[in-house]
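Letters are used for the chains, namely A, B, C and D, taken in the order the chains are written, and counting of residues starts over at 1 for each.
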Amino acid sequence: MFRNDYSEGAAPEVLSALVATNDEQSAGYTEEGDAHSERARELIRAACGRDDVDVEFCVGGTSANVIGVTGLLRDWEGAVCTRDAHINVHETGAVAACGRTVLPTDDADGFLTPEAAERVWRFQTSTGRHMTRPGCVYISNTTELGGVWDRARFDAICDWADSHDLPVFLDGARLGSALTSPAAGGLTLEHVAERCGAFYIGGTKNGLLLGEAMVISHPRLRESFPFLQKERGGLLAKGRVLGVQFEAAFERPADGGEAIYWRLARSANERALRLRDGLVRMGFEPYGDSPSNQQFFVMSAAQRDAFEAACGCETFYKLGEDRVVARFVCSWATRDADVDELLELAAKLA
Amino acid sequence: MFRNDYSEGAAPEVLSALVATNDEQSAGYTEEGDAHSERARELIRAACGRDDVDVEFCVGGTSANVIGVTGLLRDWEGAVCTRDAHINVHETGAVAACGRTVLPTDDADGFLTPEAAERVWRFQTSTGRHMTRPGCVYISNTTELGGVWDRARFDAICDWADSHDLPVFLDGARLGSALTSPAAGGLTLEHVAERCGAFYIGGTKNGLLLGEAMVISHPRLRESFPFLQKERGGLLAKGRVLGVQFEAAFERPADGGEAIYWRLARSANERALRLRDGLVRMGFEPYGDSPSNQQFFVMSAAQRDAFEAACGCETFYKLGEDRVVARFVCSWATRDADVDELLELAAKLA
Amino acid sequence: MFRNDYSEGAAPEVLSALVATNDEQSAGYTEEGDAHSERARELIRAACGRDDVDVEFCVGGTSANVIGVTGLLRDWEGAVCTRDAHINVHETGAVAACGRTVLPTDDADGFLTPEAAERVWRFQTSTGRHMTRPGCVYISNTTELGGVWDRARFDAICDWADSHDLPVFLDGARLGSALTSPAAGGLTLEHVAERCGAFYIGGTKNGLLLGEAMVISHPRLRESFPFLQKERGGLLAKGRVLGVQFEAAFERPADGGEAIYWRLARSANERALRLRDGLVRMGFEPYGDSPSNQQFFVMSAAQRDAFEAACGCETFYKLGEDRVVARFVCSWATRDADVDELLELAAKLA
Amino acid sequence: MFRNDYSEGAAPEVLSALVATNDEQSAGYTEEGDAHSERARELIRAACGRDDVDVEFCVGGTSANVIGVTGLLRDWEGAVCTRDAHINVHETGAVAACGRTVLPTDDADGFLTPEAAERVWRFQTSTGRHMTRPGCVYISNTTELGGVWDRARFDAICDWADSHDLPVFLDGARLGSALTSPAAGGLTLEHVAERCGAFYIGGTKNGLLLGEAMVISHPRLRESFPFLQKERGGLLAKGRVLGVQFEAAFERPADGGEAIYWRLARSANERALRLRDGLVRMGFEPYGDSPSNQQFFVMSAAQRDAFEAACGCETFYKLGEDRVVARFVCSWATRDADVDELLELAAKLA
């Protein structure tokens, strides 16, 4: 149950919207004549507080990262990121497959720091044309280890990027969890939209069947994106499938309440934090300090096996012969009862 | 209504399957532990009459084409295809974006002929390393103009490809329509699977929300595909979305009848052929001779405007100042009443 | 002897310069501190009549074409050129290897016409993001068949390119021969430099051991070139080798006469035209109408064999069972006696 | 004078060969009919003790690295190398520009160790298709810091590579210096040729105007190389320029003595080691322990400035405010008197 946040289908409201609109006819490719994609764009622009950005729908995270990052880079440029960045280690060289380079820093905890980024900048610009030139900054929120950027930290890296005239690309596969985390520290969607050259709002891991909404303010990427999306194989004929879902996720309910995108993320976070607090109380050792929907704990292989068999989890790292980092992920679909069940088991294993 | 075959959502049976399985938990990426993807693979292998092929699920046609074609080619090789081939004109240079070349013949009607392919072969191999070497053959069924390959024609190009040791890649975005067409002339899925190095069974244009099922027998592509799919951004985290749908499409009903994939395609064809016959009887001039779900007619701009306003169609080519080719597409969702309505209008315009 | 214009080493003056400067120490990579490269740049800028262009030295024609063309194109753009263009047929997909597309017109004689280019433009921009967008124009002077652009023809294609805001890239592997041809019709190096976004002055085929001098005015390519040249493997450590040779080729003699670059080219042209006139007088049929250092003649296979055995030539095309196009190339190294010998043989074969 | 080993032109014997053969006519592209390239191939095969390898001539190191490394890798594979490897830091992302990935280890001294390589292997193969798969091993001899592989160390990494079925690619830009170094410890050209899938014998930095000779035994690269060389822009029309030089470098003198390639390298090493010993005796601190033609010393900025002004050197690293690593390079052209002059200056600075 805690294996990941993409085990189930869609959140009920999202699925209902797909069912309800199924027989309507829409134009293809999320283009003009697809009223749902158009409405979703409007809602997302409003949520971002900007009407001067493009909103485009991607099929998944790797596709979004590849189009976004390589669209911001010229052939001979690279993306500055942490060494554990998804684009550096988990995407099978997708950035290189488009001819661009990843420039990892020595940051160890998933947060890109201005100091480490500056070291990369100095090194990469030390011999002119003989080195890949930094061309953008890549960060993710949440980070690979569930870390959540607060506003101060986020502004610091954006300031650094600005000082070198580099656009910031933010991978928001779990942006919902990040921005609804108690650790968000004043970081809002509006602020992200204000400072990033491009970023995406992840749907796959927050209640959609699939889909990420890319918000683009950088002029070069605004011009390139439509073509790159087709060229990189990331454009759906039935674009409506993405439009309908994002519309459902960002439409405000009649009572003026919160759009379900945020409610789903908040729900995942709450379960995850209850899970964390429970395990910590029982003496399990957290790995890192995630305030978001993914929780990481150090344990023996036997404990991991017991958890895995009973309620699903994933081995994230092997630390030693008999010490592993296990990952427990909550999603919109995780119920309180699921957490209870896990904690009961944990009590026995502790 | 006749604008294209990806205007609506999913066929009812497919949508029901998504709803029914929504709360189940499945492993990600269509991998082991996703029972629906596994079942869909089994069903497709059975339908192909081969258990020695890999079946992989792609997000869409361009993604499938890019992964398949570039996975069959080495860096310095190209795909022999007709000049109107989708990969040559409608995919924004996606093959080149992966460093490979498209080698168009002078075939004018969408069917790749051994004679024209041989001319390309001779030319491209005439100066050794100075020219892109042909590395695979790309065909589509149906063709860009709705043409349907019969078995003799298909075997001829496969024989030619065999004689040069080139694998055949078949773009089957509309393979359902092709194989259920009265013009299929003995060409079966089993035979396609027997002769192609790789091909795909299109879902997007035949009743799925999205998805194409790639059938791979070529050893090099079997090995490469999983990595290439991730690297090219074409791997869904919720792979289940594709597995569930293809399972629904290829599961045989309890009464032993036809899988709905074929029934949906047949339905689209029947409406399209009734539409064609009606228009021909009224004196409209068909463009080409499509026996599949897309129909092309030459008409005046005013006629096209009238059709477009009343029931949706697309301008495929401009032939002259006031002569256009209009395309009318039927899908699983097209009803007899829709065809009636179009024919009534046509009677007035004729 | 007439096989091609890259059979020998360097012209004597160029070789002498290499020998004379051999023991000097120069900075690497043609960069600051390499006085010969700097002087060569100055001379070429002066010959072009522009001091606002960058001059960079490439190892050969394919390298120059790849860096220049792909540096002018964004990922999703293509180069409009004739179907027989070198980048389309003779460079093993080098443009595609850098992720870009070649967009051939139907021009049949090696000269790109505004009419054919406009047809490509209209087609490629007819469905928006679904097609590769034209991003630059590629022409070569001389053309593949030895054709020479005169000023009017050159201005026509440049005007067309300007009207679509496309930079013109000119492949000048044989620019010396072109500009010294009697058919140049007022086209000068200054005028080429004024209108092209980038072009190169070929050295390999006009008396250098190797090397092409790229002249760049397009702002995007000026910025990219140094990095792209390294990234594409086209930057020599001993850049001096190129600088010394181009300096020798473009330095004006003490008596104020013509730089040897032009003298060498003129010499090749004169021999070639004498060869042409001789063959024509004897009744041999020219293939096309080349006024430059390459001459093409239709003949029987037996005649071709006789020429090939006696004085070297190349089979350019096979026209039929016993009809071929043979190519005879003159270079700076071709002597009058060589032409005499060939014409004597021709007299026997005619 | 000690700035680098590519400041001058060619060694006298090499230059003489270019002059002596200048007027001969040879076929292009180092292909059949170019007797000098053919002879050079024979000589190099004989020196390698293998007649089952291909020998191909490249224009420079980056071109050779790119063609060799990317020719050994499939699209989704990467080259395991040290973090300071030339392909990782000094070639402007050239491997990525061809769609492949560089996989650096944490080895700090330029020698790739089996232990560090194994860590990369384990990590990169830990999540299947989600990570770039190691596809070859890249090492250089000498290393970036002038290190020289002895036979035991070389066999250890080759054994490791064999155990994972990975071909070894050896960048031999300074292979002459490495194999004639007193530290070569039994490593011979024959042994390198026996164990590497491909490697090159550097000419640019050992007395040629330009050129590297690639020796290829790996079947995939043997097939691909000719095409890739053209496609990557690395094929010279006047291939003779490379053939003539390598022939001169590897032809044995009439008296049965050593080919000049080895004599030139030995000469550079001897000067470099005398320089090293002199500086060490005076108390200068060597940076690393180079037994080859490059020497690295830690010193103050003022000392570096004095050396630079008087006899040329390069700042390799900045270690701190006033501590730098200076590089002194000897070549075939360095004379004893040059070393004397440097040591005299050093005595004053020490």
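The rule is short, and it goes like this: a contact is a pair of C-beta atoms (placed from the backbone, for glycine too) under 8 Å apart; a residue touches a chain by one contact, two chains touch by 3 or more.
If you're wondering where the values come from, they're calculated on a predicted model, not measured in any experiment.
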### Message
Please identify the chain with the largest separation between its CA centroid and the CA centroid of chain C.
### Response
A
#### Entry: More contacts between chains, C-D or B-C
C-D
### Query
Using CA atom averages as chain centres, what separation in Å is found between chain C and chain D?
33
### Query
Between chain B and chain D, what is the separation of their C-alpha centroids in Å?
50
### Task
Take the average of all CA coordinates in chain B, do the same for chain C, and state the distance between these two points in whole angstrom.
43
### Task
Could you list which residues of chain A touch at least two other chains?
75-76, 91-93, 97-99, 129-130, 227, 230-231, 235
### Message
Looking at the complex, which residues from chain C come into contact with chain B?
### Response
75-76, 78, 89-93, 95-101, 123, 127, 129-132
### Task
Over in the complex, which chain A residues touch chain B? Could you list them?
1, 3-4, 6-10, 15, 18-19, 21-28, 59-63, 65-67, 91-94, 97-98, 204-205, 209-210, 227, 230-238, 240-241, 244, 312, 333
### Query
Along chain D, where are the residues that touch chain B in the complex?
70-71, 74-76, 98-99, 128-130, 133, 224, 226-231, 235
